[in-house]
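These notes open a run of structures that come right after.
In the two complexes that follow, chain A is the common piece, with chain B as its partner first and chain C second.
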Partner chain A sequence: MKALKGRPELYTSYAQDMAFLNTRPKRAWTGGLVVFALVVPFLITDDLLQLLATGFVAAIGAIGLNIVTGYAGQVSLGHAFFLAIGAYTGAALSGSQTGRVIGFGITSLPVWLLASGLVAAFFGVLVAPVAVRLRGLYLAIVTLGLVFLGEHVFREWTSLTGGPGIGRPAAVPELFGVRLDRDNALFTAAQQLYLVMFVLLVIFGVLARNLVRSRVGRAFAAVRDRDLAASVIGVDLTRYKVLAFAVSSFYAGVAGALLFVVNGFFDPGSFSLLLSVQYIAMVLIGGAGTISGAVMGALFITLLPRITRELPAVLPFVSGDATGVITVFQLEAVLYGVLIIVFLIVEPRGLFGIWVRVRNYWRTWPFSY
Partner chain B sequence: MSILQVSDVRLAFDGVVAVDGVSFEVGEGELFAVIGPNGAGKTSIFNVLSGVYRPQRGSVRFAGQDLVGMRPHRVAAAGMARTFQNIELFSHLTVVDNLMLGRHNHMRYGALSAFLWLGRARREELENRAAVERVIDFLELEQWRRLPVGLLPYGVQKRVELGRALAMEPRLLLLDEPVAGMNVEETEDMARFILDVREELSIPMIMVEHDMGLVMDLADRVMVMDFGRPIRTGTPAEVQQDPDVIRAYLGEQHRSVAP
Partner chain C sequence: MDEFLQSLVRGLGTGSIYSLLALGFVIIYKSTQVISFAQPAFMLAGAVLVSYLSPAVSFFGAVLVAAALIAVLALGVERTVLRPMVGKPVFVVAIITIGVDVVVRVVTNAFIGLDVRQVGDPWGLTTMSFLGVEVQQRYLVMIGTTAVVTVALFAFFRYSRIGLAMRAVAHDQEVALAQGISVGSVFALSWALAGGLAALAGVFVATGAGVDQQLWIVALKALPAIILGGLESLGGAVAGGLAVGVVESLFGTYQGDFAPWLGPNFGLVAPYALMLLVLLVRPYGLFGKREVERL
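After this line comes the complex of A and B, so read on.
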């Protein structure tokens, strides 16, 4: 390793070149961000922590959508459906049986989390054969159909979902006998949930990053870029499209199960088309086809309502209630659309692309033209 | 001993007959060229061979297997590699990743080990990266290794596509117009690489090409096609003298001025 001193980009083995964090700046930034994220819970208020924890969960879901849409190129509007499958599997497994909703009382987080992912992945595999025969907008429409099917089923199946407008408690997070959603001697509930969600995001992020740099991830990209060439070099298109849906749905299931843990309660109305659109926005704004982009996009979209809520104080025509020209909620919905359009036109690589530009500017500084 | 036997293949799209009555054999280590005017059915033959189209009649035997009806990824697994007339690279991926995709079938690990990137996945990735580097070395692509192929000049992209096919370690290589649209210098480079492939790797090749100088210099045997039918198969010298070939290329009334 001594030979490398002062020559950080000289690789002396393929293992070094293909390493997970193969440059010194990557290692430094990643280390810095992890330390920062671990210090944050002791600096800011609980309601912000809850928001960030939700953002981390959304990031897991966005990574999932990015695998099927950003990497494998299969546009899916059905992400809300798979999130719902995960949410109800987690809630039913860990919840307690009451007169109103079913529950099995398995509160151990790893167990119901894995189960939620697997059940969602199973539904993903069921849907995938349709996806294999369609592409582009046609696939988007079929997956959109899933969302409406799901909305109907979850509205009617009240013993599982509690029914519209009422809902049911979310999954019960218990890890090694500790209830994460209750304050204890060491941490507040918000701090615990923040830290657990962060660790889960790191785990699922690393797994996804490994997947996309592997043989499987390259095959996804090949299917996306040129399916004819992909099949001629030996990639089985059907197999990899199904696999992309399975992995994506697994991530959606995991994210769905965790999504409402912070709030503690959810109702079937949450899984509408708007939720799918939010995830599409996360992927497109963050940067399609990158893991870190999906995380950036998810945090951005999750924090967006918080930012717009501050707007009435600054902009007089925006109001918190129905008295102004436009309410914050309307503005929020408008912003999703506007941001998607602006990013697609101005920076199709999303927030990740902006980061790449900044990085390249400083790489050659002070000779950046 | 022949690696490929094509006999009496017919491919039609409704009423349009793309290829009819095509039969030929390619021997081990042979460089076989297919030429003919535009629309003669040369690329259609390639699409039949690589499983993209299914012929209505005839048989294709490759290394002892019948290829008709096999899907393209199965044909690839059997050892057939091809390049395309219009470059079909994965333009967002780097040169290394494109070549690694060529080695897709040389790796066997699945999604679960990919998630962890330990043991088998890691070992296979490293082994195949080394194999890819040998191809990079062979085709002198070192300086472009890390760049997305979409950013590379046309001639280099053609070379990367050849590299992706070579990375598959094929038993038969199909080259669809390897020097189309290249300048003289790039054509000479490509000719050199094709000769290297034949001499150092001894991979048999079928080449479709319009550059007659290249075909006549490199090919062992040539099949001339016109309107989907083969009109003559033979050595370059034989083919050049054939009156039917001259008619196909130059037309009836020019016969008097032809050599």
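After this line comes the complex of A and C, so read on.
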């Protein structure tokens, strides 16, 4: 090792090359970001913290979608369905036993979080056999059908969901006897939720990163690039497609259970096709097939409404009410569409791709290649 | 029996709307191998355009003008947004069309506002006696128009030179190119055709109830239709559309009596359930082409 000290980018083994953080700048940046994220809750206001916490949860969901769509290449428009399964499992397990809707009163966060993930994964495995038989756009439309069927069930099953327009309380976050959604002597509710969501994002991010750089991840990539070729070289297509769906749905379930904890309330109308499209947008804008890209995309999409709301101050033709040429709400909806189009045409690797270009510019500086 | 026939006609009527939309999806798919999720937006835009034009140039004039304008809009979208993406993975292109859909729909919604706009059709909700059954006129008009349009389309593909070119491109793009066919104009034309069909379908959806911001959801019913019929089959699209309409209508009429545990309004999602069942048995739809792959 000593001889390598002066040459940090010389790899002498495959393990070194595939290491979790394989370069020195990566280690420094990651460490710096984690420290920064841990300091942030003591610097900014609670409403921004809540937004960031929601963004972290969305990132967990986006990582899940990225595993099945970005890594394994199985296009899923059904992510909203799995998010819903997770959300209702978590809410039902932790809900009050005496309330208007089904509840079992198990408020311990690790328990209902794991259960939500597992139930969603179970449904993922149920759907997977269809996915194994279909490919490409057929699969996209079938998963889209799943969203509509799910919406119907959640709309009608009012003893679980509270019914459309009314909704039910979200999962109750309690960790070691401390209610995370209430202020206490040390932290405010927003600070606690932010920190917990951040820790969970790091855990699930690291797990996903480890999965995709393992044998399983390479099999996923082979299936994505050419499934026929993958099966010829001995990748069991059925097994890996089912696995991809299971892992992705597990992540979706976890994210779904946490997604409404910050707001505390949700109704069955939340799980529409729009939600699926938002997650697709997160993955594509962030960069398909990268974990950090999914996180960037999720934060970007979550913060987008907030950013557009600041725009009337800067751009005079955008208005907060109906008086201007275009309102912020219209602008926000248009921006989704335009951003997806622009990113896919100009920078198909998304925000991650932009980062790679910046990084390579400085890594090879002062040379331009 | 009357009830059954009435819901059958109603199903065939809405089914013919789905067929028109499904034809658009399949035409685009056959020539460019992409599913265009922008169809709902074109459908909505067509209906809104008619609601603005019909006081000025009469309902039928408005339908023709709107279909032509939406066709031009679709052609423009293909030229500017889709053409740079030729050769990219189909999934990416499909997602781009979702982006197009969102943008076009937001702009169109600004013209709808919060009210329901009327398209000024002459049928409204009036009924007439057809073979001894009371049915709404508009359903008969839908079935008739769709039949005419479908026959015209099939004749166009079968007998015209451009139709032949489109079939050639659907068969193999590169070989068609080598034969001197302008593949680009075939792409553009198929988008224009699909746009026009979507506009026509939009008008039909809006007869009776009018146009509001939620109208676009109807267009998504064409997706189970094309999957049922198979993505490559024009005939399958028509059959799939009609099947979806009939299933939806029959479920709406009878499911409350026979299977109340499925919950009210199950008819609206029944097509998706039907699609899942058919795909489990036939992964390429009823009339789809089984892909033969080689390495």
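The rule is simple: the second predicted complex is superposed on the first by the 355 of 369 C-alpha atoms of A that agree within 3 Å, B and C clash if a C-alpha of one lies under 4 Å from a C-alpha of the other, contacts with A are read in each partner's own complex, and residues count from 1 in each chain.
Just so it is clear, a contact is a pair of C-beta atoms (placed from the backbone, for glycine too) under 8 Å apart; a residue touches a chain by one contact, two chains touch by 3 or more.
None of the values given here were measured: they were computed from a predicted structure.
Novice: Give one word, clash or fit, describing how chain B and chain C relate on chain A after superposing.
Specialist: On the shared chain A, the partners fit.
Novice: Check the contacts made with chain A and report whether chain B or chain C touches more of its residues.
Specialist: The partner making contact with more of chain A's residues is C.
Novice: Once the two structures are placed together by chain A, how many degrees is the angle at chain A between chain B and chain C, based on Cα centres and rounded to a multiple of 10?
Specialist: After superposition on chain A, the angle is 80 degrees.
Novice: Just checking: does A:G136 make contact with chain B only, chain C only, both, or neither of them? Give me first, second, both or neither.
Specialist: In the superposition, A:G136 touches chain C alone.
Novice: Just checking: does A:A229 make contact with chain B only, chain C only, both, or neither of them? Give me first, second, both or neither.
Specialist: Once the two structures are laid over each other on A, A:A229 reaches both partners.
Novice: Output check: A:R7 vs chain B and chain C. Expected answer is one of first, second, both, neither. What do you get?
Specialist: neither
Novice: Using only CA atoms and the superposition described at the top, report the least gap between chain B and chain C in Å.
Specialist: 7
Novice: Take the contacts of chain A with chain B and those with chain C, and give the residues found in both.
Specialist: In the superposed arrangement, which is not itself an observed complex, chain A uses residues 226, 228-229, 232 for both chain B and chain C.
Novice: Given the complex with chain B, which residues does chain A contribute to the contact?
Specialist: Touching chain B from chain A are residues 14-15, 17-18, 20, 207, 210-211, 213-219, 221-222, 225-226, 228-237, 243, 247, 289.
Novice: Help me check something: in the complex, which residues belonging to chain C touch chain A?
Specialist: Spelled out, the residues of chain C in touch with chain A are 29, 34-35, 81, 84-85, 88, 90-92, 94-96, 98-103, 106-107, 109-110, 220, 223-224, 226-227, 231, 263-266, 268-269, 272-273, 275-276, 279-280, 283-284, 293, 295.
Novice: Please output the residues of chain A touching chain C within their complex, sorted ascending.
Specialist: Listed in rising order, the residues are 75, 130, 133-134, 136-138, 140-142, 144-146, 148-149, 151-153, 155-157, 226, 228-229, 232, 273, 277, 280, 284, 330, 333-334, 336-341, 344-345, 348.
Novice: Which positions of chain B touch chain A when the two form their complex?
Specialist: It is residues 50-52, 71-73, 75-77, 81-82, 84, 88-93, 97, 100-102, 104-105, 107, 109-111, 114-117, 121, 124-126, 129-130, 133, 164-165, 168 of chain B that touch chain A.
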